[in-house]
Structures are given as C-alpha cells and as structure tokens.
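Would you mind keeping the following structure in view while I ask a few things?
Going by the order they are written in, the chains are A, B, C and D; count residues from 1 in each one.
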Amino acid sequence: MSQLKRTLRLGLITATVLAVSACGGTTRGSEENTNPAGNQATGQADPDAPLTEGLDVAFLPKQVNNPYFTVADGGGKSAVEEFKGNYKEVGPSEAGASSQVSYINTLSQQQTDVIVTSANDPNAICGALNSARQAGAKVVTFDSDTKPECRDVFVNQVTGEGIAENQVELIAEQIGGEGEIAILSATPNATNQNAWIELMREQLKKPEYSKIEIVAVAYGNDEDQKSFQETQGLLRSYPDLKGIVSPTTVGVAAAARYLSGSEYKGKVALTGLGTPNQMREFVKDGTVEAFALWNPADLGYLAAYAGAALASGQITGAQGEKLEAGKLGEYTIGEDGVIVLGPPAVFDQANIDQFDF
Amino acid sequence: MSPLLQLRDVSKSFQAVRALRGVSLSLHAGEVHALVGENGAGKSTVVRIIGGEHRPDAGEVLLDGEPVRFSSPRDARQHGVAVIHQEPVQFPDLSVAENIFMGRQPLGRFGRIDRAVMRAEVARLFERLGVRLDPDRPARGLSIADQQLVEIAKALSLRARVLVMDEPTAALSSVEVERLFAVVRALCEEGAAVLFGSHRLDEVFSLCQRLTVMRDGTWVSTDPVADLSVDQVVRRMVGRDVSTLFPKQDVEPGDVVLEVDGLTRDGVFSDIAFSVRAGEIVGLAGLVGAGRSEVVRAVFGIDRYDAGEVRVAGKRLVAGSPSAAVAAGIALVPEDRRQQGLVMEMSIERNATLTRLKPLSRLGLLGGGRERRSAREWTKRLQVKYGRLADAVGTLSGGNQQKVVLAKWLATGPRVLIVDEPTRGIDIGTKAEVHRLLSRLAADGVAVVMVSSELPEVLGMADRVLVMHEGRITAELSRDEATEETVMFAATGQKEAAA
Amino acid sequence: MAGDPAAVNVPAPPTETTHGVLRSALVRWDTALLVVLAAVVVVAGVLVEGFASGRNFQFLLLDVVAIALIALPLTLIVITGEIDLSVASTLGLCSAVMGQLWVAGLPLELVVVLVVGLGAVLGAVNAVFVTKFALPSLAVTIGTLAAYRGLAFVVLGDQAVADFPFRWTDAASSTVADGAVPWAAVVTIVLAVVFGVVLHATPFGRSLYAMGNNAEAATFAGIRVARAKFWLFVASGAVSGLAGVYWTLRFASARADNAAGLELAVVAAVLLGGVSIFGGRGTLLGVLLGVLLLGAVRNALQLADVAADTLNIVTGGLLIASVVVPNVVAMSRTRLRRRPRHPA
Amino acid sequence: MSTRPAVSTAPPALSRARSVHQLWLAREFGIVVALGLLVLVTTLDNPAFLSPQSLRDLLLGAAILVVLAVGQTVVIISRNIDLSVGAVLGLVAFATGKLLSSAPGTPTVVAVLAGIGLGAVCGVVNGVLVAAARVPALVITLGTLYAFRGIDHSWAQGRQINASDLPRSFLGLGTATVLGVPVLAVIAVVVMLVVGFYLRSYRSGRELYAIGSEPAAARLAGIPVGRRVFTSFVLCGALAGLAGVLYAARFGTVDATVGTGIELQVVAAAVVGGVAIFGGSGSVHGAALGALLLTTIGSSLAVLRINPFWQQAVVGGLILAAIGLDRLLAVRAANRLRGRSSHGG
C-alpha cells in the first residue's frame, strides 16, 4: 500500500475518533475530581487514652539523604523512642512527584500504624495515602502538605504569616528600611514557598515598609548550581539591589556562598531560611547578619507525637482537639487538621554556635 | 644461496574449508617471485600467513633459515615482512600521512610526534612512487587506487626485506603500474625479496623471475618465468582446458529485458548504456575499481544515480529502491558475500527465505513450516550441503554460502539475474556447478549480467562482454571478438574502443 | 572437500563460535530469566512479609506497567540496532501537554487521543533525524531527551495539573473484577501480544532481525530498512505518549518532570531481557520477564526495608551482569573449543 | 594515455586538503561565533554581563563542565561513551568532603590527588568491564551510573558536608583568582591543553583516534586496542574525580545528590563541540568550547530573565543542530572528494 494511502487512512481514523470523542466528552469541572473515599476525621476522640506502645511509625521524607529531612526524621526518631514505638525511615533517593507512591504502598502492605510524610506533590500521592488509610494506617503530613482529604493531620512548621513577618522584618533592618529587594525561591510551584512570597508582599504593604520594593522573584529549584546562577543573574540585572531573601535552605546557602566570594559581599544583604550548620561560616565572615528557621528536629518530633495520638485514638484530627507532645508541650489542632509548630528561631553571631543541625 | 623467507608444507583450515594443504614456497633476496592461481586457490591465505595475520595449523615459516611464528601483523613487520593488501582497510578520519605511519610515527623530543619529519618522509615516499597526494588530506574518500598507493608507500616506509603484494596493480593505471615496477625492481637491487600475487600474467612475465602456481589450496609448480608460456600457466591454474570449463550452451536470445541508459553517478561512473536480452549472459569485465560493481549496485537501487534510467521489460524502474527492483524481477547476487549476500548470524533457513517473506506469509503471518519447506526445496535444488537448516549460515563453506545466496534469489523467480563475482573464493567443484546453473537459467530465458574479474570465466560464459575502465564502458565485444588481449586492452584503457 | 557434510561440524572460527554460543545461550536466556524470576518470587514470598499478597501483586504490576509499555516498541528498535533514549522525555512532554489541554477545557477523551498523537509526532521527529538524515540514533535521542523534557517544562513550567476527574484517575489503578490484576496491566498485555506477533511472526518482524544483524545484507535483500525504522520510532513515540496518559492519571497529576530518568530503567529492562545492544537478537517475552524481574526484586527489597540506594546498586549490578555473563561464558567456551586447534 | 600525469597535478589535492581543513576550522569557529553572538545579545540587554565579576562567574561555571567534557572526549574519540561521570563526580565530591572534614589538616594537594585517584579507580572498573569483557560501553557505564550513585548514597546516608566543615585553604581553591582569573578556570584550561597536546602529539593519543576511526584497521596496525580503551576510561574517570574535587571546593556544601544527571550536559558539550559520537574525530578544545557555550546559555538566560525552563530545550536543540551540521559538512566533503584521486578520474 502506498505511503499516501496509508497516511490518508491514518488521518481518516484519527478524524473520526476525534469527532466521536469531541462530542459529549468529559470536560473540566463537568465531574467531581475528589475521591469520595477521602474522608475527614472520623470516629470519636478519647483525650485520656494512653499512647499505645509498640506502634510502627514510618517516616517518608520527600527524599532520603536530604540533610534537612535527616534532621527532622531524627527528631521523630527520638519522639518514637519516648513512646516506645518502632521507628523507621524509608523513601526515594530522588524527589520525584510520583516516586513516593510505591513506598506508601509498601508501608500499607507492611501494616504500618503511622505514616509521617512530606509530600513532593500535593496530589500525586493522594490515592496511595487514602488506600493506606483504608488499610488502617494513620497519615500525618509535615513540612509540605497534601490535599487535606488525603491525610489525618498536617504538622505545619510555622504559619505563612509567621514566616513572612519574620523574613520581612529581618531584611528590613538589614537594608535599613528602604531599597530594592529580590526573592530567591525554590521551585515555582512549591506550595509553601508561593504562599510565603504572597504573604511577604502583604507585609510590605505596611506603612513602615513602604520604601521597600520586591523587584524580582528567582527560582533556584533547590539546586546549588541553579541557585548560584540565579543569584548572579539577580545581582547583574538589578545593579542597585539592596537585599535578597531566600526562604529555602539550599537557596540561602548557595546565595551566601556566591556573595561571600564576590564583590557584592557586605554590600548586598542576605537573609532567609537556612540551617545553622550550612550558614555558620557566612554568619561568621559577615556575609549574612541573621537568618531564621524552625527547628526541623522539633517538627519531626511533633509529627511523630501527632501520629501516635491519632493511632491511640487520643485525637481524630478534628479542629479544637488538644495534643500533648512530650517536651514540646501542648498543641491545639486548627482547622483542616493543621497543627502549627510555632514561630521560627532567628540565628545570628550571638547564638548560632548553640545549634547543631 | 639460502632463501630469505621460506614456507615449508604449510597447511591451514577455516571451519569447513581447508584453505592450504602442504604448501611450500621460497623467496630469495633480490628476486620478484610471482604467485598465481585462480581466486580461492589459496594465494591470499599464503599472503596472510606470511604477513602474520594467520598462523599455520601445520608446517612452518622460516626467515633467514630460522623458524619464526609471527604473533601479529606488527610482529611480522618488525621482522621486516610487509604486506600490501588488495583491499586495504584504512583510518578514514586520519590524514594520509598518519595512515602510513600509524603506530610508528617519527618521534621528536620528549617522545612527541614530529609532524614535520613525518610529512617530509611521506613526501619522499610519494616522490619515489611518483604519486601526487596531499599527505595532510584525510583518507576518507580516497579511490581504491589511491588507497593502494598509500599502502605501497606504507610498505616502502617499513624498509621491508620481504615485501608481499596481493594484486597491488588491480586498480592502477598502466603508468602507475610502470612506476610501481620501477620501485619494486629498485627494492630488489637493494636485496629485498618480493612476493607478487597477480592475475595479470603480462605483468607477471615482465616483472618476475620465478613463478609459483597454486590450485585448490595446493602447490602446483614453481619454475623460472623464462621457461614458461602463458598457456602453460593458465592450464596449470585451472587444471584443465579452459574451453571445457565453462559450459555455456548457445540459446537464441529473446526480447530485451533489461535496458540501462546513460546511467551516471558523478565521480564514480558515467554514461553507462547497455541492454540484456532474455537468455543472454552479458559479462561485465574490467579491473577492480573500474566501477562495475558500482554500476550494478545502482541498477539494483542500492546506490542512487545522478542521471540516466533503468528499464525492465520497457518499464522505467524507480531509482534507489531495491525493493522496487525486486518487484520488477531483478535479483542481485552481490560481490561481498559475507557483508552483503548473507546475514551470517542467521540460520540457513532464514537466509534462504529472506527475499520471500511476504509470499511465504499467510494473512500477514509467517509459520506453519512454509519457510522451512521452501528453504529445504531450494537448498535441495542447488545441492547445498549443510548439517541442519537451523545452523548459522556462517558455518557453511564459501561455496555453499554462495549457493544459499543464489537459492534465496532464484526462489524469487527473477527475469534479470545480476551476479557480481559469482565464484570468488569458492572451490573449483562448486564453481563449475554455479556456471552450469547460470547457463541453465539463461536457457530458461533469464537475462543474466555477470560481473567477474576472472577473464577465463567471462570469456567462457558470456555471449557479449562489456569492458569498463575508470567508470566508462570502453568496449563491447562479441563472443568471438573477446579474447584475453582485447579485454585487457580495453580494461586498462590502453586504447579506447579496443573493439 | 568443502561440500563434505561432516565438515559442517568442524568448530567455526572465533566470531561465529561466539555468535553460536551466544545464540544458544540466549535461546536459554528466557528460560533462565523465568527460573530466576520464579526463584525471586518464591524466596520473597517466604522470607518477605507482605510480598505474597494480591494487593502487593497489584502494586507491583502498577509500578511496572509504564516501563513494560515503553519497553515494547523499544525492544523492536534495539533489535534493529538503534536506540531511543527520548522515551521518558516524550512521556513527560505528553503529560505536560495533557495537563494544559485539560486546563484549556477540552474533553478528556479528545485530550487522550491528541496526546497519543503528539507522542507519535515526537517519535516521527526522531525517525526523520535517524532515517532521513542518517544520524546515529544514540546522539539524536540524547538530543531529543533534553529537548522534549525542556519543552515539557516550557509548556507546563513547574506547575502541576491535578484536577482530573476521579472516575478517570481511579480507573488508572483499578483492577479487573476488583482482583489483583489492574486494567492497565491487561492493556499492556494486549499490546505485548500485538508487538510479540509483529516481531516474531510477521515478515516485518523477521526483517528487523535481519537489519539488526547486518543492515547492508538486509538492504541487498530488498528490505526497506529506513522505512521500517521510521515506523518503529513513530510507534515508540506513540506508546510513550500512551504511557504518559497512564502516568498522569495514575498519579492524578500532570507534571513536566513526570518519569524523569525512566529511560534508564527501560533500557536496563530491555537489555536484562536478553536483547543485544548491537541488535539482531532478543525476544519480547525475554524483555517482559526482564521488566517483571526488575520490578519484583525492587518490590521485595523495598518490603524488606532495603534502602533506595541499595536498590540502585542492585539495578546497576543486574544490568551489568546481564551483559557481562553471557559474553564471558561465550568467550571462555570459544577458548575451550579453539585450544585443540592450536598444537603450538 | 600520456595525458594522465597532467591530470594528476598537485593543486586539486592540495586545495582539497585545504578545504577539508577549513571545514574543521569552520566547525570550531562556528561555536565561537555562536558564543560571541550570545554574549553580544545578552550584553546589549544588560551591560553588566561583561563586567569582570560576571566574566569570572562564567569561567567558574564552565570550569567543572570543561574538565568533564575533556575526559568524555577522550572516551568518545575511541568509539566509546562514559555515562557514569556524573556519579563518579558525586562520589568523589563527597569523599573529598568526608576526607577534609574528618582530617582538616590534609593539605589541599593531597585531597586533590586522592580525589583524582578515586575517580581513576572508578575508571578502572569501567575500563576493565568494557575492554576485558568486551561489553558495549553504553551498557556498562549505564550500569555503573546506578552503582556508583548507589554507593555514594549509602555512604552519605543523608549527611551533608557544609562549607564550615571544610578548611578555608581548600575552599580558597574554589574562589581564589590569579590576575583576576579564577583558579578553577586556570585548572580547566591547563587540563584541556595537556590532554589536547597528548591526543595530538603522542602515538598512544593518535592511536585512540585510529581505534575510533576504524577498529579493524587499528588491530591490523597492531595497536593494543584493549589497553588503549582501558586507559581512556581511566583517564576519563580521573578527570571526573578532579571535577568532583573542584565541585566540593567551589560549592562547599556537598551531599550524595551532587552532579546528578550532569552526564547528559557533558555528552552534549562534547557533541556540540564537534566530537563525533561514533569516534575518530573531534578535539578537546572543541568540547571545551561546547561546555563554555552551554554554561553561557545557562547564565545569559538567567540574566535575560528568560524563563529558565527554556535552557534544557535549547541544549537539546543545540545537540541536534550540532550533529546535523557535522553530517552536512561530512556529506559535502565526501561529495567533493568522491572519486577524485591522484590519477584524476
């Protein structure tokens, strides 16, 4: 059969299929896209129930071998030991949106009681989480949330407002209350990053910050080299840039490293969210005055307790319930089953050496 | 005087084929020793053993009376033995100069290559050979003749004491041949020994002192050239009278089946025109590199052509499409059996049916043993000797491999059969079978085009002989006109239109 | 002498022998894989808690479906001696476009058709470079590997489109009669049968082996090498597009970085399945077994709480072993056979 | 007949050669032009792009990729490929960090040598498998890509080494400059020159080209193919090791994911730089230019504030363009050379 005929026929078939499918097809919004099975807090909470011993608690970070999560999960480990559970950490070696799914499946296969996870993608792991919950597991998300209907509780490191306030305050005093600033973020769709950036813009509307202007938002994709290049780009594109805010540990470290080696050192202020270990050097050499971060270990710690409480029936994840979290004390569950760790800690010359994470 | 290099009843076999049986040969310093024999007589194997590419299964090689066992071509070269191959393999990306000196480039300080010296060396060599090639051009795109010259230059650069030339002049113009001979003679005066393998008896007689004839992998005779006549030599080569060897019976040619008109491929061949009638065998003679294979490749659609056209039974053939050629009833038994004729790793059955997969399938599906039956039938018709149909075709002897190639094409029932070097490297017995087969096919009304470097074969088989030289047809000779001389004349372009 | 049938049994020179041994080894390769796979399943079933359950079986299949799908056309491509490294990027680009089209409000049925079509087009681009311009497929598809993934990000940035109807996303992981066999796996098996028949029982498939072993000889036999390869690359693209649809729906999220790096897993599976990277050898069954073996091993080790790092080492090791072992065996046998022929 | 010598005159041959040379000139010249245009456009948009600081950044950015590309070139020239360079870089980077953080006293030189050594060991693994087991490099290095990365991960166990753990002297390597030129860039250039010189002027170097150009002929010429290929992999590994050390020195923060997926960029750099993917031709400075071009694209996109997502797409396009161009030049050359010979015709 000749090429032409072949192609013609092919086209014909396609055309028909298109025609058929085009009419009366499923279009956006024409159907409910949430999982009916994805249910909210169920059953009755018994605040006085003791924490069950021997719970299997599994931590599933965005990516194993990521220092931040290693610390966070470490906190979780100590918590699990406190309430005599069995801790383990599993996870993919690269942070792909879907790479967590097979691990969740595995965990529910293993009849794990509590899954504490930080979602690479708010949707990708929803299905798996729900089937895990149907199989009896309690799901706690921390650091980055999934859709609310896919987990029991979300332990938020800090409220967006908290971060925004803190970051704007820091940069404002470092640049003396006026001038152009830029933001070096992680990836353009990192849920929390975008939320924070929005809230920072809100903050800057306040009269005392009227002279400060965000001229650009750059994305370093949480990669050293990319963040490096983006920082260069910012400084070059905006000659009279006064300061950079990088609310992500990788970004702020890369930016600091670039500044400390460049002519801009000391001239351009830098703050953001970073770990003391990464930033210590730059705080000491004066590249960075002060930066902030919650304590990841505490975050993991709290998440572990939340999970245990769920599994023991102390809480169900409903708003208003109280949660006793070991050394951290008592927390109250907010709407959508969100628990907030608390305001970030600020690190500077004075206190940085007291921290090691 | 004791021979410089000596073979003592050397034997060598490759799987099914016993290439050499008890061959002895001696080269003396200062002599040019001719080694003649038909293709497949074992010349190349002798050359390869001397050159260190093969090691003999039995017998020994002596250099200066000392037994030696060359581990590799490099080893042989280090012993002062150099070989010039008929179809050299070179490094297309590297310069001519580097091709000559690869692995032994002249070194300057700190062991780094001294390009100036290297270039000068090459220039001197080319001067001596009277070649005008830019040492710095890449080898890619060199004509066979130029590649030969580069190989010769390489051999010279080795200052070899024993120089082995396998058909070195096959692609050279007579001027170049003369120049080469001058060099060879000079070398001999310097005390080198040269083994000269060639089909061109006229050259052999003008250049060599002694001549060894081989046949079917055995030694036949060695005599001073002075005591020999061409006829004697030819008779020894073929082992019987030429006339009886090639039984082409005359058939009354039918209508024209294949017409080739003004076929041109720039820089390869130009303005090729001929036609073949049903029942006719047309020989396409000429030297290696004259463009014969290129012409038939273009006719069959392997290569594109820049001008002209090909007609089968009056219908114009789509250019550059083998499948179209097959559909039109053309079959090509290619020159290089191992590379082009067969898929060595595949079974005999698969190879034999490769050209007829569609007809053998039902509802688009193969199976039901139809392939096996067809393969068995055709291998039987051609008397292919094999163990199991499932054996890799590579395990067969050259002759049987060639039969498989023929089988897969005859199975398609072609109207035009083009055979390129149909009997290269196969034993006398099979050779005769092939020739009988070809003439029977002609008798059945198939139009046959036969490209062959073996003059006796062409002269014996062909009703008409077309002779090519450097991409042009320089003569068309009827059966009676065609003789060794007339063909060679036209083939070496010594007189345009020798006919 | 040459015609003497007995002569056929004389050992062949190295090259042929190697091939011979390799082939005979490969005839057994599928069987070997089957045995190993069975062994893995049994051992894991006994030692690893939770492995031998319908649900886990379902998870396992769901995990390998995408790889299996893409491996089908890739097998044919590798058998012809070419390679397509752009498959995962094609998947990603298709997923991204699928997201955008859905957002644009097109009916999902139409979107699916368009996306698969897009995949075919992307494959055709590879095909044109490889067959028309006669460029090495390795270089070409490394190029499109980067290009397609880049375009995927251009199309969708780092956004994720996630609001696909539940009915569809659920279907992607739903099982036949709510048993252990996902529908996706059924589709894959059907396609596998189609590709298997094409490869092993049609003139087209037969010609693929020929051109893989010796393209020149295939051309001289009147086989349209370029055309065959062209359609294979198109098929590869289309199937990758289909895999993109599956991936997007299964994870309910269209993203540019979907399946990044999956090409390595697929190539690994194909080679483990006994397909020669040089072309001319391999069976579709072998490849499917290879896919399952890799999947089963990973799944079992995961259940046994083996860290992801070790999984990678195992994958790499399996891949290397799958090519080194047959070679070494072949070479040693060759040596054994040749020794007597050198009374030196 | 007597006309023949007249036909075979020097001019055609020579001019032919010249044109062939020009083709090669053109090939690398092409990259330079592209590079120039890119810089020009970017600078027009934002003059700061040519500021010393920014140039320094460019060189810094390219240095590591250049080192890797040079190593890759050596392997590709001999008709092989090494996909494991990224993993090797990661492994070595972490190892270096580990070494220096646990023994801060270690002199930088030692650290560098250790890194190169470890890289070479990885190269040996590849080399042995490819040369001895006669398995295609693509497959082997794909496997070792997984394996080395896995080893790296299971060793790092999520630990990260931070700038503060590393001795200043070592970090200095990453930022120090001589006469305003970053040391890293200097190292890269030196590596390029040395390897380039080796490939051009030493027998074993030329033999690598020979092997890639026509393996059969190489064996006939008695070249120890196996040994040469082996060496090329060791060299490539060693350079990947060096790159790993430089990475650690430049970024200070090192974890197990360092250099993931960089192999693609490296191969891209080589191919864009005119190294034929199937061996035989190409030069290290071509590859280096390719690397510089790729990095420059990266940072000028950042400066032009073009959606950075375009970068990868552009790189892919470049690869296709490059191999397409090479093909075109080759065909042209072939047509020009076809059939012509020293004796006319």
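The criterion applied here is as follows: a residue touches a chain if its C-beta (ideal position, glycine included) is under 8 Å from a C-beta of that chain, and two chains touch if they have at least 3 such contacts.
These figures come from a predicted structure and were not determined experimentally.
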Relative to chain D, the most remote chain by C-alpha centroid is chain B
Rounded to the nearest Å, the gap separating the Cα centres of chain B and chain D is 43
Here the gap between chain A and chain D, centre to centre from mean Cα coordinates and rounded to Å, is 37
Separation of the C-alpha centres, chain A versus chain B, in whole Å, is 73
Where chain D touches two or more other chains at once, the residues are 149, 153, 256
Listed in rising order, chain C residues that touch 2 or more other chains are 157-158, 261, 307-309, 311-312
Two or more other chains are touched by the chain B residues none
Per the touch criterion, the pairs are A-C, A-D, B-C, B-D, C-D
Per the touch rule above, chain D residues touching chain A in the complex are 46, 48-49, 51, 53-54, 57, 61, 149, 153, 156-160, 162-165, 174-175, 251-253, 255-258, 260, 298-299, 302-303, 305, 308
As the complex stands, chain C meets chain B at residues 1-5, 7-13, 15-16, 19-20, 23, 197, 201-203, 206-207, 209-210, 213-214, 216-224, 280-281, 341-342, 344
Seen from chain B, its contact residues with chain D in the complex are 53, 72-75, 77, 89-94, 98, 102-105, 107, 111-113, 131-134, 136-138, 140-143, 145-146, 149, 172-176, 266-268, 470-471, 493-494
Residue positions on chain C within touch of chain A in the complex are 49-50, 53, 55-56, 59, 63, 102-103, 105-110, 112-114, 117, 157-160, 162-170, 173, 247, 250-253, 255, 257-261, 299, 302-303, 305, 307-309, 311-312
Residue positions on chain C within touch of chain D in the complex are 83, 129, 133-136, 138-140, 142-151, 153-154, 157-158, 256, 261, 264, 267-268, 271, 277-278, 307-317, 319-320, 323-324, 327-328, 331
